[in-house]
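Some structures are shown below for you to check.
Below, chain A partners chain B and then partners chain C, in two separate complexes.
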Partner chain A sequence: MIDEDVDTSTASAPLGGATPRAVRRVAPRPVGSGWRQRLEIAFFVTPALALMTVFVVWPVVAAVRMSFYRWKGFGPMDDFIGIDNYRYVLTDEVFTDAVTHNFIIVFASIVIQLPLGLAVALLLDRKIRGRGLIRTIVFVPYVVAEVIAGVVWYQLLQPESGVIDGLISAVGLTPPEQGFLGTPNLALATVFVVLTWKYLGLAILLFLAGLQGVPTDLYEAAQLDGASWWQVQRRIAIPLLGPTIRTWCFLSMIGSLQLFDMVWILTGGGPANATTTMATYLVNQGTGRHNYGIAGAASVILFVIGFLMALVYQVFVLRRDTAVER
Partner chain B sequence: MRSKTRSAAIAAICAGVLAFAACGSDDSSDESGGSTTITWWHNSNNQPGMGYYEQVAKDYEADHPGVKIKISAMAHEDMVDKLDAAFQSGDIPDIYMERGGGELADHVDAGMVKDISDSASEEIGKIGGSVGGWQIDGKTYALPFSLGVVGVWYNTELFDQAGITAPPTTMDEWFDDIAKLKDAGITPMSVGAGDKWPAAHYWYYTALRECPEDVLKDAVTSLDFSDPCFVKAGDDVKALLATDPFNKGFLTTKAQEGATSASGLLATGKVAMEMQGHWEPGVMQGLTDDGKGLGDKTGWFPFPAVDGGQGDPADALGGGDAWAVSEKAPDEAVDFVKYLLSDKVQEGFASNDMGLPTNPAANGSVKDPALAGVLKARDDAPFVQLYFDTAFGASIGGAMNDEIALLFAGDASPQDVVDTTQQAADAEK
Partner chain C sequence: MIRRARPFGSGSLLVYLLALVAVIVTLGPVVYGALGGFRSNEQLARDPSGLPDPWVFSNYTAVLTKEAFWRYALNSSIVALITTAVAVLFGVMAAYPLARYQFKAREPLFMVFVLGLLFPAAVAIIPLFILVTRDLHMANSWWGVALPQAAFALPITVVILRPFLMAIPKELEEAALMDGASRIGIFWRLVIPLSVPALVTVGVLAFVTSWNAYLLPLLLLQDDMRTLPLGVADYSSEHSSDTAGVLAFTTLAMIPALILFLAMQRRIVSGLQGAVKG
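Here is the complex of A and B:
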């Protein structure tokens, strides 16, 4: 017996192309009159909105206001200097270098961490002995707090007494005179290596999760057609991982732009400003030198750069994912 | 189901907000009627200092019924951070530590520090010239309780090993000793250039040796660094750096955190010398397992004389800590600060090796022989220059320190140091 009112959303397999367009869903909860609905919305939204205003909107507005004043952090904010702080920041070589460093990290993450993470994820997706253990080991660094990881790496990288220099000497090589963190030409690369150690696990985990979403019948079909393992990865797995990869790139980009903790602990932005980032710059100007107006201007510039990059990425890269899914 | 979890989440958030509000209200007055509570922040948060200050407060309370002293003892860095936040909110403790110079000037500008010139005139007279760092336009805003000078701490045993019989008194002798230590396979010095200020102190000291006193005094008020002696200071630092005296990786070495820091390297016998302030023995004690630091191997000598320098070789670089009273504090707070500078309290302070006392009556109570040597150098110095970064305030001092760190990294010239400092100073005018 066929009931006309049965919920057809579960029977979505095409039946001779006669799938009904409008699928009836479970009836929504009865909606009250207009004002009641609005009151309900207001009730649920207000707490979140209040928190957002106090902890996000207000500080942003305060930072923008601060950036137009010369202010030492206390007393009345009354020395309005227009865009002088912005002029200072944008012409300060330390800041422009910091922007460069941030973009080097963004670029290096995508060029180095992405292929590396992808390769490990594809390998770990195969049925190999001790797979669970390897997955855990790979993911452990991500779980460790960034500050703790930084302190441990700082000690490991100490010249002479550190483990890394010891290992290098043991294989007959000469470690750099000032240590990896103390040599301006090596410091940023060293910070990047530590960041890769720390964050590769997240990339691998995301990619492994993405691989779970690839239907196994696609693999089976390809195998029946005689495709090699590599062909399967290249033609099926990686293309279907697209949305995951693009999301990871976005997270990595935003994280690289905000980079602070690891740099602050490992080098404090030194030696010779070789590892300053926009975030260490603004903290140094603010809490270090008490130039809160300059710090405010730097933070607004960081915000604008991050916002623009996110917007561009959203429009040109992420849109295709949202368009496919909806 | 969905709406249930949502309202539960909202309830949780509301509870959080309520807790927040509740947390915020514990600051309200807890004093009983008729009595006065004085809040006091200090950084003696380990023994014997912490216990000593508690006793001092109790003694005072016993003599002054109705006065209650609420102490917050914090680690130094925590105290500095909390004070920064307190100044931003305008709600500062009644008695707090003030380091003088530009920092004090900023606080006075913002109208937050009480002028105690008249109410503490007797103590000011007793302390003498040392109080100068806390005076602005002839008015006194804080009473220094500890004043020390920077010098070179060294390991007497390692000096013996290298065949050095007496500490150096001139730059050339110093360079010879550095060479002798290197020949003996000993790293001569450590410096925590990762924290920048320890490196900057080398420049401060060479500037003190190169520049006559009046040029330095003038620079602090006029913010003019055009005298060529400032560039010469950088040249001297470069000459020292050319002898390659420092520990490996000194550009990222920290000042006094852990065994791999500059102070830790000296305390554990890895290097022979480190230039540091009078707090160094105490810091080293905290960095060794036995709690003794260098112990009886501790030696100290003043910064060597510079050939052809216009400064008096007996001048010293130093600084101190003073008790300041907030503008809004009750009069009893000033009275308590005066008590803190009394002969009795300063003698106890000195005999506990908590610092170098400013009240001359307590000079004899300093027990540690190395510290007694520092005290003598301080009192014999015709002129004590306050650390430049403190004297100029965070904005100019920070720019100066950053550029000197670049000089250490070989990335800036002596002229760059002067130019950058001048630039930061001009922005303040």
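Here is the complex of A and C:
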């Protein structure tokens, strides 16, 4: 009664006079709106807003403020230096490399994880034995903590004693001398492989959920018309999966920009900064070296990049979905 | 969810083969960790990819008899429980008016929560650290970690719960209103019981996220207050030569989240589905 009457009122708008909306609003509600409703809303919303203000909004605002000061973490924060921290961060090669690494992960996720996840989801959408079990299994890495998964992969990837090197030697190839994580050219790609292992299950699960929304009749009709399996997937399943794919891309982009745990455990950002990300950079500057102002500037830049990306994505990509679906 | 069979339904040999590969790649590292815990370091060094021969149980018993392991597990549990309780309670309270009341600030208010999804914890981590340690004096405490984690879990909680609450039939509430129940009474006695399935979904998500969290506990918790992921990371760097011990420790630390997930699988899936469809 109170909510979502917009659609019904426009759909069944009578010829002039009072809209059904106005009628419905008055009738079933014994208590008038106004102050009482406002009080109720405040009662329900205040705890969540207060918690978010204290632990999310305030720290973000504080990070912005901190970014304009030279501050080592002790004494009052009174050495205002304007945009010097930003100048430092933006000209620091370690940081610009970190941004590049984040974007490489964003790009690689979409180019590699998306088709891979889609392929597995389309395969698992067929009627095969043990489908439920397989679906559960592919989701297992997502549930394991990134740190714990990282520690196991770290062991697997140890040069010489690790299983991966063993497997590679077994097929007659020579593993890299410093190990996959110790070789600057390979470290980022290796981190990406581990991330793919960890997060592909989420993509598969989301795509499978989306595929359940595709009406079976469409497949049947296409099959009667003589379409092959691949044609059906390409012309029907994948296009109808569009909104799910676009949502996944969004989540994946945001996650890739915030990358921290796995890198911290696997490489700590090394070797020779080959795997630093914006998040490892700012934690390193902040809690590692106590350059709080620099860390603040780095976090503001990280947030701005994420925000701009989200905005652009919302305007150019996601808008289609909201326009079509609602 | 009822599902009719798709055409092209029957799986070919190739499909099974690919599914098998996916399963092996997925489970490989987890099984390797679990089996590695049953081997000795000497066995691991001799043949990194072999099976336990003979099976060694001392690594697991060593971890399980370690007082620190249980303390970390206790800390993880309590922090995750507080996080979950706060996030679910505050989340459903906030989602309710956003789903049911008609007021001007409704959509802007909802946008605040959606925007919250965009804030990576890493952005706020250093001021958060300073706030919790210096201003609130909650460093090295369960609440000091749980409250910020709950705050960061709120956006996804509200985003998932709102459409669910919208879907609860309004007639039930109307009837109760007619009978003279107050809005808040309806919320506690009608809305909460009806939304238990969705609350379980967001609760499990909040619990697992908190159980797995690393960065914030890393900065805020020391010594006896540390959680399992911190314990695993520390153990791994302190006993880097004791690979079998590290693997036993990691395997045991994985188990609670895995069990919770397996038990709640269906609900997590349907919750995520709801979130994707917005």
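One rule holds in what follows: the second predicted complex is superposed on the first by the 294 of 326 C-alpha atoms of A that agree within 3 Å, B and C clash if a C-alpha of one lies under 4 Å from a C-alpha of the other, contacts with A are read in each partner's own complex, and residues count from 1 in each chain.
Here is the rule we use: a contact is a pair of C-beta atoms (placed from the backbone, for glycine too) under 8 Å apart; a residue touches a chain by one contact, two chains touch by 3 or more.
The model shown is predicted, which means the values in this text are computed figures rather than measured ones.
With both structures placed on the common chain, the touch criterion links A:161 to chain B and to chain C.
Contacts of A:219 after superposition on the shared chain: chain C is touched, whereas chain B is not.
When the two structures are aligned on the shared chain, A:288 is found in touch with chain B, with no touch to chain C.
Of the two partner chains placed around the shared chain by superposition, chain C is the only one that A:302 touches, whereas chain B remains out of contact. When both complexes are overlaid on chain A, the residue A:97 reaches neither chain B nor chain C. Greater residue coverage of chain A by touch, when chain B is weighed against chain C, goes to C.
Looking at the shared chain after the overlay, A:182 reaches chain B, while chain C stays out of its contact range.
Overlaid on A, the two complexes show chain B and chain C touching the same residues of chain A, namely 29, 44, 47-48, 51, 73, 155, 161, 287. Remark: chain C residues 1, 3-11, 15-16, 18-19, 22-23, 25-27, 29-30, 32-33, 36, 44-45, 47-49, 86, 89-91, 93-94, 96-103, 109, 112-113, 116-131, 147-148, 150-152, 154-155, 158, 166, 170, 174, 177-178, 180, 183-184, 187, 208, 211-212, 214-215, 219, 228-230, 232-233, 236, 243, 246-247, 250, 253-254, 257-258, 261-262, 265, 269, 272-273, 276-278 touch chain A in the complex. Residue ranges of chain A in contact with chain C, taken from their complex: 1-5, 25, 28-31, 37-38, 40-41, 43-45, 47-49, 51-52, 54-56, 58-60, 62-63, 66, 73, 120, 123-130, 134, 136-141, 143-149, 151-156, 161-163, 165-167, 197, 201, 205-206, 209-210, 212-213, 216, 219-220, 223, 229, 232, 243-244, 247-248, 254, 257-258, 260-261, 264-265, 278-279, 282-283, 286-287, 292, 295-296, 299-300, 302-303, 306-307, 310, 322, 325. Residues of chain B touching chain A in their complex: 3, 6, 10, 13-14, 17, 81, 84, 87-88, 90, 106-107, 109-112, 193-195, 248-253, 260, 393-395, 397-399, 402, 405-406, 409-411, 427.
On the chain A side of its complex with chain B, the touching residues are 29, 44, 47-48, 50-51, 72-76, 88, 94, 155, 158-161, 177-179, 181-182, 184, 187, 266-268, 270-273, 284, 287-291.
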